[in-house]
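Two complexes follow with chain A in common, the first pairing it with chain B and the second with chain C.
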Partner chain A sequence: MKRFVAPLIAIASVALLVAGCSTTSTGSSDGKPVAGGTLVYATGDAEPTCLDPHVGGNYPQALVATQYLESLVSKNKAGDIIPWLATKWSESADGLSWDFTLRTGVKFTDGTPFEADAVAANVAHLQDPATASSTGYLALQKVTGVTAVDRHTARITLSSPDSALLDSLSQPWLAIESPTALKRSQAVNCESPVGTGPFVVTKWTHQQSISLVRNEGYTSPPADAAHTGAAYLKAIDWRFLPDSVSRYAALTAGTVDVIDNVQPDTLVAAKKSKDLVALDAPRPGASNRIELNSSIAPFDDARVREAFIRSANVNDAVTSLFFGTATRSYSALSSVEKLGVSEPKLFGYDQKAAATLLDAAGWGTKNADGYRTKNGTVLELDFPVSTNQSIPAEQSLFEQLQATSKQAGFKVNLHPLDLSSWYGALGKNQYNLVSAPYTKVGPDVLRILFDSAGTKPAPSGYFANHSQVKDPALDALLEKAAQTSDQTERASLYKKAQEIVLGGFYILPLYDQQNHFLRRSVVSGLRAMPTVSTPTMYDAWLSR
Partner chain B sequence: MSRPAVIVAAAVLAFLVFAALFPGVIAPGDPLAIHPLDSFRAPSFAHPFGTDESGRDIFTRIIHGTGASLTIGLSATAIGVGLALILGLLSGLGPRWLDFGTTRFLEVLFAFPGLLLALLFIVIYGPGVVTSTIAVGLATAPGYARIIRSQVRVVRRAPYLEAALVLGRSPAHRLVRHLLPNVVGSLFVLVTLGIGQSIVWASSLSYLGLGAVPPAAEWGAMLSAGRTYLGSFWWMTFFPGLFIVLAAVGTTLLGRGIQQGTRLR
Partner chain C sequence: MALPVAAAPPVRRGPLPWLLLRLGGVVFVLWAVATVTFFAIRLIPGDPAEAVLGGPGSQASAAALAQVRADYGLDLPLPLQYLHYLGRLAAGDLGRSYSLREPVGAVIGQNLGGTLLLALLSLLTAAVIALALAAWSTRGGRWASAVTWVLEVVSAALPHFWLAISLILLFSTTLGWLPPVSVPGPAGLVLPVLTLAIPLAGFLGQVMRESLLDALGSPFVLAARARGESEAGVFWRHALRHAAIPAIGLAGWAFGALISGAVVVETIFARPGIGRSLLSAVQLRDVPLVIGVVLVVALGYMLVTTLTDLADRLIDPRPAPTTAHRGRS
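Up next, the complex of A and B:
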């Protein structure tokens, strides 16, 4: 219990600070919050196939679910875990069970009270193969069960200690839904999930928009929220506007109040406008990177992997395409992850080194087109690109890398694909290169992405270890780190693990997962959740 | 149709054909060469049409893309007309039931907008230059087929064919020497008009990401790449668009010119 005293004090002081700040800052710059109005949000992320983020579990779901679902814990800006639906928690001495004291007086929007059995029902739902969860499922791999100690205390039992449990539970993919609502069929729950959040889903018009209205009985903001009670906004009109040009045009015309997935050139243009304000919230977890499939030729040879990485001129591409809105990463982890290790030296652009490596690896001959060959086979790389998950600037970046690696003799074939064909190509192991975002709170994302277990698909069919790293030493390090709650030892274990990943040339880091928002200046109080950087509308209000 | 307009159209097309055959003479650079640090440059002396997001010269890319765009337009039209000839001759010359069957089949195809037919084909056979060319060809075939059929029905009752029949000429001789020349003559104008349409359609498919794959220098694909930056860098869409319009208007004007010329004679 002792180790929780300090964080609790920190939490309390932060909460006080935030409360203090909000009254002064909103008071001076933005005026007094006004209740009412409908905020129009236009998202460029893919439209979810299910509004319950337990099912599958991707970022588009997290974006919208942040408005109507809540988690047991959250994070503050400093990166500390803070209370949300749970007010207190404690870990047993052996690290195999955690007790969560739940907030009282909280009701789901269907009237069901929020109690310990709700936590049990949600964990069971996530672990049920029929739910086809991937993100939540992978995060809860060590959880063996949940028992209700009393109405307001839930005990989570584990198969082995899990230092990432609180981080995992803070994510929207593990949000707590009404157990009554979860009993409905999955199809119904996907259309109208029920949570405890500040807004309620009233209607989902597919391929168009989701209507959300204020939860009048709302009582459970996270500890770092700026106010208490119901949200200011009366409603949110959550629109799907996949075309980035139209999305920005709608914002400048004033028909939309907030947009996400802002393109680099429009960010620069928006800076000149008085009406538009930018919000940059890099996603936690993995950095945006290209993964090199080490399970099949030619990348089963580490020298060929290094040669590809050396021949890819990422820096010039980032400079030309991102106008200074993105910073080059040399890490497997996002820059918001405190335990991230950065190795710029490993990723220097060096065509000469690439050529030497390829010669050594037996790819010494070149054909008439300038591509290297080995026993008649061309050094060809298939690169399926998910057009739903990459902004156009990123797709252009891949084209530039295609051009620079051609100088070394690589023939990179870009295949722009829709999401389902892309999953198909991954499932059939028909790829040498791939770039897939993965958002998770905390360094445990390394286990998901690089543990050999990650080459086997989750119930949803998705597997996360696209580099197909199978290294027992790395597995052991990641497993040990996940069980270690001593912060110094944990940091050192994750450092060693990242050195293996980076030194093995399994990935080519590019930059943080870009997460830029633009709001009109009539919108105040909009902030990104420090957990997975999704915007929350709870404190937002309109002055028009 | 004024004569100068036809002459201008012919000159534009002659330029495009030259560009398609000898792109290196007009634009000696490499259309795929990237210069990341020269990206998004406005039109200037060094880059008359500006540069794109990877610093590639847009003028060079457009000139080198002419071959691809014209080839797609021509082959798609050839496929369309080829198919249409078979269908049109079958239904125009064949027995009643065959005519009935082919005509109904064409009507079913007509019920779909042409582009939808092309999309359907691409969904089944996957995107790419070859499939999009065939798709456009397929989509244009019903229109030609209907015209060929009616033309065949008119010509086959012509006195000279009856004369050939009386003279005991073989069916093959009658088809090749008498029927086809008269059918194809009127088709020539349609084909010229059709090439422009095929170029536009093929560009549309590339624009939708279903035709040429990046970073290929193809007009539709370039238009699509530039659209993302429409608000900031107009030249990325303007010039590829201009060339699509030039090619389409050029072939259309020329076709109309020929049409009127033949009518006067």
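Up next, the complex of A and C:
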């Protein structure tokens, strides 16, 4: 993220002059922001089914909602919670209620004033089953209600202390919408949600684009924004460009100004162009990792789990397939999580150790194909791969790991599946290995991924604890951490919990959840929100 | 190559029974298509309710899922869902899309135009290219014939996604002549149309060249030349009509090929259309939208084959058994 924006613009401007280009640049080479213009953003993420991120609640919704909705709090680059729609907050002594002092003079773009009853209406909306919220609903599980202490103070009451409350509230899936607008039907609200953000949704042309225009009366930037008042850009044209080759071609041709979901090979190609600048914004929450299903054979034996991890040559695969665009992770958490614990020595590549472990675990014999066997059973691992969630480089990485673990005698069966079929395979517990991203702000993601409660499938068959870790000591640590507001103690509890997860060989960490953007050098001031790493256009401006 | 429609039926039925039979056939095919699609998409693993709630990264709560299932009737037994669906379909109601939260009819209405325009322009472009290749091949001698043969075979074998990306890299990234993704206006249509037209032109060209050669070597062309008809006249008035027949016979197939190609082309060039709708609908298990699109495509296919039957009768210069004087050659 430490890009030297101003010098690049200067270089680009000089290059344009030298080339004799006749474009009359309204931008200034001294880096002073210019107001006006329409920025074209091309997203490779799926098109949301609803523009209100309360409904469902996934990353594509968060990406676009960042432009028109705002949350009570945000995070700065250092990972500390900072004011946004709330200016101050305090936790009661028993941890069962929080008072939020709200920013004054803020209006939703439909004219409704932002006051304490708006916070109450939003929490009620998220908790209403008719909204069908998933991400926001889960984040508010401990919240019993919201009362308006006065017009500018909202009190959130809890069933038990929640140290993750501020992290949760900072996420775009819990953004505050106009209570007046929320009274409309869901179909209408999905098309044109109303918030307090720097832009306003004016039109959503399905399968094509969303039109956003500047909110002229904007007053509520987060505490870490670079300026105050209305956004610089007059409008944003938010386009859906699912194909990665044409998305990049559109960027190089200047048809679009910013693209997301940039693939490793594209990043390498873009480095050669002085017109393009990369923005790397790893997502918070869990690292990308392979989860080992400890509930069924052969991974119910910790030695076999360790043997698999030792036999997988992740480092070479990451180097050869990601061309230096991804850094190897040895943690259950993303590198942006301050409380993440990294244990490189647990994940060293060592075929000899793998062989010894498998011999000890009773998989001493090999069949004609070189795969290990035990009582006539082949050491087989089923690995359903979601082609929607794993980028091509990651799918190739799994193939390379398949080859290196074969040397140890593992027969890994990769099953590329579309998302729905992949959910189906998980629900039936028909997997030994799986890789699923999980984006959430804060270390509380560990409770979702490793608490034994997460092994019970929902009615749909979906569950988050894919490693199927059932460890009462770990559950107790995670629950205690979730209730502890003392930062030092909380950090120590999460450290112990991560040591159990890593030391138990339940996961094989790969790298941070990749989140690369490319912008043309005419775009300045673009940054990713330190919450869930969605780009915000509020400080962005165009020099063309 | 044998001509696909060699002769009209020997006995002409009255127009009314023929129409009823044809209509009955259409209804039967639509019912079969709807049924097969309904069960095929529901029998592959995956829960539409889960996908409705956003899929990756969002754990749907039990309450949310129950709500969605109730809203969309997904909590009923599958045969019952099928009967309900069929009942609504019979009443002309295609249902509501799970993923777009709009009536399927409206979604198709918004997107059909874009796909039809793309398909029509591609068909015309393909016909022009095929005709040019066939004409050059038959009149340009041995060398031209060999070159066009290679061109036709190669272009007919090109996969759409590869061709699309190659065209983008050549015309947008390298030359900078055309926009790499669909933008409003004619410039945005050029690459998508070429992507669909080039492979189709390969097929059509092969067919047209053979029948052109047949026609040019046949007695009626000799007769026309003997009458003093010019080379151009022979080509345009006589041989071409002959060559067009098998190509028109392929129109039904071409329609299918264009629609399946549209799925790829609309995704790569980010053009709105029913191909792109179909792809995302299948991925999301959006049953009503999948069936809606498939029904419309099936209907279109049947319409095109009916029209080509008619066109065959109009263009075919040879005398039909019951109308002896239609042809003039």
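FYI, the second predicted complex is superposed on the first by the 507 of 544 C-alpha atoms of A that agree within 3 Å, B and C clash if a C-alpha of one lies under 4 Å from a C-alpha of the other, contacts with A are read in each partner's own complex, and residues count from 1 in each chain.
Everything that follows uses one rule, which is that a residue touches a chain if its C-beta (ideal position, glycine included) is under 8 Å from a C-beta of that chain, and two chains touch if they have at least 3 such contacts.
On a predicted model such as this, the values are computed, not experimentally measured, just so you know.
Colleague: Just to be sure I read the superposition right, which of the two partners does A:V188 touch: chain B = first, chain C = second, or both, or neither?
Modeller: neither
Colleague: In the superposed arrangement, does A:A464 touch chain B (first), chain C (second), both or neither?
Modeller: Only chain C; A:A464 stays clear of chain B.
Colleague: On the A-aligned overlay, A:T319 touches which partner chain: chain B = first, chain C = second, or both, or neither?
Modeller: A:T319 contacts chain B only, not chain C.
Colleague: Is it chain B or chain C that touches the larger share of residues in chain A?
Modeller: Answer, by number of touched residues of chain A: C.
Colleague: Considering only touches as defined above, state whether A:H415 meets chain B (first), chain C (second), both or neither.
Modeller: In the superposition, A:H415 touches chain B alone.
Colleague: Tell me the contact category for A:Q263 with respect to chain B and chain C: first, second, both or neither.
Modeller: The answer is first: A:Q263 touches chain B but not chain C.
Colleague: So, A:A249: does it touch chain B (first), chain C (second), both, or neither?
Modeller: both
Colleague: Touching A:T404 in the superposition: chain B (first), chain C (second), both, neither?
Modeller: first
Colleague: Touching A:A297 in the superposition: chain B (first), chain C (second), both, neither?
Modeller: In the superposition, A:A297 touches no partner, neither chain B nor chain C.
Colleague: Do any residues of chain A touch both chain B and chain C, and if so, which are they?
Modeller: Common to the two interfaces on chain A: residues 245, 249.
Colleague: For chain C, which residues count as touching chain A in their complex?
Modeller: Per the touch definition, chain C meets chain A at residues 44-68, 99-102, 107, 110-111, 164-165, 168-169, 172-173, 176, 179-181, 183, 267-270, 272-273, 276-277, 280, 283-285.
Colleague: Of all residues in chain A, which touch chain C in the complex?
Modeller: Those residues of chain A that touch chain C are 42, 46-50, 55-59, 61, 129-135, 137-138, 186-187, 190, 205-208, 239-243, 245-247, 249-250, 252-253, 255-256, 386, 388-389, 418-421, 423-425, 427, 436-439, 448, 458-464.
Colleague: Going by the contact rule set out above, which residues of chain A touch chain B in the complex?
Modeller: 244-245, 248-249, 263, 265-266, 268-269, 313, 316-317, 319-321, 387, 392-393, 395-396, 399-400, 402-404, 414-416
Colleague: Mind listing the chain B positions that touch chain A in their complex?
Modeller: Against chain A, chain B makes touches at 32-34, 36-40, 53-55, 209, 213-215, 225, 227-233.
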